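You will see two complexes here that share chain A, one where it goes with chain B and one where it goes with chain C.
Then we have the complex of A and B:
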C-alpha cells in the first residue's frame, strides 16, 4: 500500500520574478521532514502548492493520496496547516475558533485542546485580534493539533517566537511524533529547530531542491578539514571537496563525502577534522550549489 | 451545498454580525431623521444612502480584501474546503449580510414614502430603483473584489462603484418616465420603471453568478 503523505513530481510554478522548478518531494507516513531554505527560496510556495492554495503550472501533487488541487477538500481533512503568517478571524474570539474547528472535525480532541490551552497559557475568551505573535502561533497550532491530523504542514511556525514559546511549540511537535502514523513537513530557516525534530532534511534554494537526505546522513558525511601546508607544498587533486578557503599556509576544506580515504590522501598536513552542524552544512551546501549553477 | 459550506456561511454571518446590526440600525435611524421636516429629510436621505453604500464597501473590504491581506484567508483555506466551496460560502454569506441591511433600510424608506404625508407616493418607483441599483452595485463591487489581484485594483473597484450611485442619480432621475411622475400623489409603475428595474436585475444576477464561474475556477487563490 502506498504510504506517502505527500508526493510531488516535477512541480513547476512560475511567478513574475521567481520560479519553483522541477520540484520533487516525498513524505512518508511517520516521517518528519525539515524543509530548509533561505528567505525567498520557495518554502512557503511549496507548502501552499501542497495544500492546494495555489496550483502548479506543471507536475503532479498528491496529498494524503488525493490529487491536488482537484481533491484538496478531501485531502485536507487529515492535514493540519500552520504558518507564521496565518491569522485567525479578527472579529471572533479564540474560543469561537475552537468551537468552529470542533464542529468541522469529528476527531477534535476536547481534552487535549483544554490541556493545550493551559499549557500555552491561552484564554478562549480573548479576541483573535488582540493575540500577540506568540499567542497567535500557539493558537493556530492548538487548532491544528487538537484535531489530531495525520499530517502537519508547518510553515516557519517558530519564526518570531521567544525561546520559551519556541520550546513549548517544539515540545508539542515532539509529542505528535510519538505516533508512528503521523508525519510532519516543517519548513524553517532556523536549522536548530529542524535539527532537533527532523529525521529527513530537504534543502531548497532559489526555487530548486538542493539536496534531500536523512539528517544522520548529512551529519555523517559533511566535514570541515583544517590543513596546514608546509612552504612549497600543495594539496593533491581531492575528490568530493565542495569548499576551499586558503589563508596563507592554512587551508580549510569542506567535503560532503568524508571518508578516511580522503584524510589519507591529504596526508600528514591535516590539523583537525571537524563535524559540522546542520546550519554549517546548509550554508556550505547552498553556496556550493550556487557555484555549480554559476551564479 | 455541503455541511462545511453552510458552516462557512454561518461564519460570515457571525463575523459580520456587528455590521448587520449597526447598518440596520443606522438605516432605520436615518429614516427617522428623514421624518423631521425638510432639513431632516435631506440629512436623513443622505445618511440613509451613506449607510447602504458604506455597508457594502465595509463588507467587501473586511470580507474579501482584509481576509486576504491579513492572512486569515490562509486559515480558512487550511480547512477541508475547495476554492469553489470557499467562494460559494463567501459570496452567499456576504450577500446575506448585505441583504439584511439593505432590506431593513429599503423597507424603512418605502414606509417613509407611503406613510409620511409630506412625501409624495410618486417617488416610490424611484426609491425602488435606487434600492435596486444599490443592491446591483454591491454585487458588482463584490464580484470585482474577488477578481482584483491587488489592493490598488480593489480600491479602484470601490471608487468606481461609489461613483456609480451618482451616475444613477444623474441618468435615471432625469428620465421622462421617472422625473415626470416622481412628485405625483400616486406611484406610476410605468414602462421606464420596469426597463430600468430589468436592467438592474440583469446586472444583479450576473454579478451574483460571475464569482461562481470566474473566482471559483481560479487556480491561485493566495
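Then we have the complex of A and C:
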C-alpha cells in the first residue's frame, strides 16, 4: 500500500475571477511540505479543497486514503486543520475550548495539551475575547496539536507571531516529525520558515503549480552567475538560463539547472557564482513562469 | 525539551552563512569527529531526532549524513542507525581489499602454470611457514 497522506490529481475549481487549474499534489507520510505562493495564488483554496471544505469542479482528491469530499468525515479524524482566520467563541475561556475539543476527539492528549499550555505561555482561564492575535494563533494550533493527528494542514500558521513565538511553534511542528508516520502541509509567506523545515516545496502562482521539488534539489540547482564581459565580447548560446539582466559589460544570469558545464561554457568571464535562498528562487521562478506563460 | 536541545546544542545553523544548511551541519559534525569529541563507534542521533532538535527538515539532515557517509566519516547500518566510522576499521577494509587483489593475481598465475587449488594452497602454507621462521 502506498502511504500518501494527500493525493490530488488534475483538480480544477472555478471562481468568478479566479481558476485553480490542473492541480496535482502528493504528500507522503513523514514529510513536511511547504506551500509557497503570492497573495491570491490559490494556496488557501488548495488546502480547503484537500480538507473537503469546498468541492472541486474536476479532478480527484484523496485525504488519508479516503475520497474527498465524499468520505471526509472518516478522513478528518486523523487530520488537524488550522487557518489564520479561525475564530474561537469570544465569551468562552480557552480552557472551555480545550474541554470541548477533548469531548469531541477521543485521541485528545491531555498531558500533551498541558505541556503545550506552558510552552506557549497560555492561560486556560482567559476568555478567547481577551487573547492577543499571537495568543489566539497559538491557542488554535494547540487545539490541533493536542489531538496528535497524523496529518496537520496549516494555512499560514506563523502569521502574527513574534520571533520567539514562531520559534516555539516551529519546534512543536518538528517534534511532530520525530514520528515518521506523521506529516505536515503548510502554506506560508515566510520563506525562511519554509526553507528551514520543509522536505519538499511547492510553488504556486495564479492558480497553477509552478514547480514542486525536494528542497535540497531546489537549493542545489538554482544559481546566480555574475559575468563581466570584455568590451566587444558577447556570451555564447547558453542552456538553462531563466533570467538575464544586462548592465553594460556586466551580466547577471539566473539558472535553474546549474552545472560545472555551464560555468565552463561562460569561461573566464565569470566573476562569481552565488547560491540563492528560497525567497530569491521563488521570485525568479514565478517571474520566469509568468514570462513563459506570456502575461 | 531543553535536555534534548543541549545534547547537540553546539550545532548551529546561521541564516547569514552563505553555505547551505546541510553543509553547515556536515562541517560541524566533521569537526567534532576530527577533534575526537565524537569518537569512533559513537552513535549519531537519528535523522529525525537531529532534525527535531535543530528545527530543520529531515531531508537536510539526510543530505548531511549521506555526504558524511560518502566521505567515510560515518557509517550507516540499516535499521541500526549511524555511527562515527572507525578509521582503523576503514583502513583494515581497504587492506583486505588489497589482499584479495593480490590473491586474485596469484590465482591467475597459478592457473597459467596449471596448478590446482590444492597446489596453490600448499604453496601459500609454505610461504607462511617461511614467514614464521623469520
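Everything that follows uses one rule, which is that the second predicted complex is superposed on the first by the 294 of 295 C-alpha atoms of A that agree within 3 Å, B and C clash if a C-alpha of one lies under 4 Å from a C-alpha of the other, contacts with A are read in each partner's own complex, and residues count from 1 in each chain.
The rule we apply is simple: contacts are C-beta pairs under 8 Å (C-beta built on N, C-alpha and C of every residue); 3 or more make two chains touch, one makes a residue touch a chain.
None of the values given here were measured: they were computed from a predicted structure.
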Partner chain in contact with A:177 - chain B first, chain C second, else both or neither: second
Partner chain(s) touched by A:219 [first = chain B, second = chain C, both, neither]: second
First, second, both or neither for A:72, with chain B first and chain C second: first
Which superposed partner A:229 touches (first chain B, second chain C, both, neither): neither
Partner chain(s) touched by A:100 [first = chain B, second = chain C, both, neither]: first
Chain B versus chain C as contact partner of A:238, first or second or both or neither: neither
First, second, both or neither for A:265, with chain B first and chain C second: neither
Partner chain in contact with A:54 - chain B first, chain C second, else both or neither: first
Shared chain A surface residues [contacts with chain B and with chain C]: none
Of all residues in chain C, those that touch chain A in their complex: 1, 13, 15, 18, 20-22, 48-49, 51-52, 55-60, 63
Chain B residues touching chain A - in the complex, by the definition given at the top: 4, 7, 11, 14-16, 18, 62, 70-72, 74-75, 77-83, 85, 219-222
Residues of chain A that touch chain B when the two form their complex: 48, 51-55, 69, 72-77, 79-83, 85-92, 96, 100, 103-104, 140, 144
In the complex with chain C, residue positions of chain A that touch it: 30-32, 119, 167, 170-171, 174-175, 177-180, 192, 196-200, 214-216, 219-220, 274-275
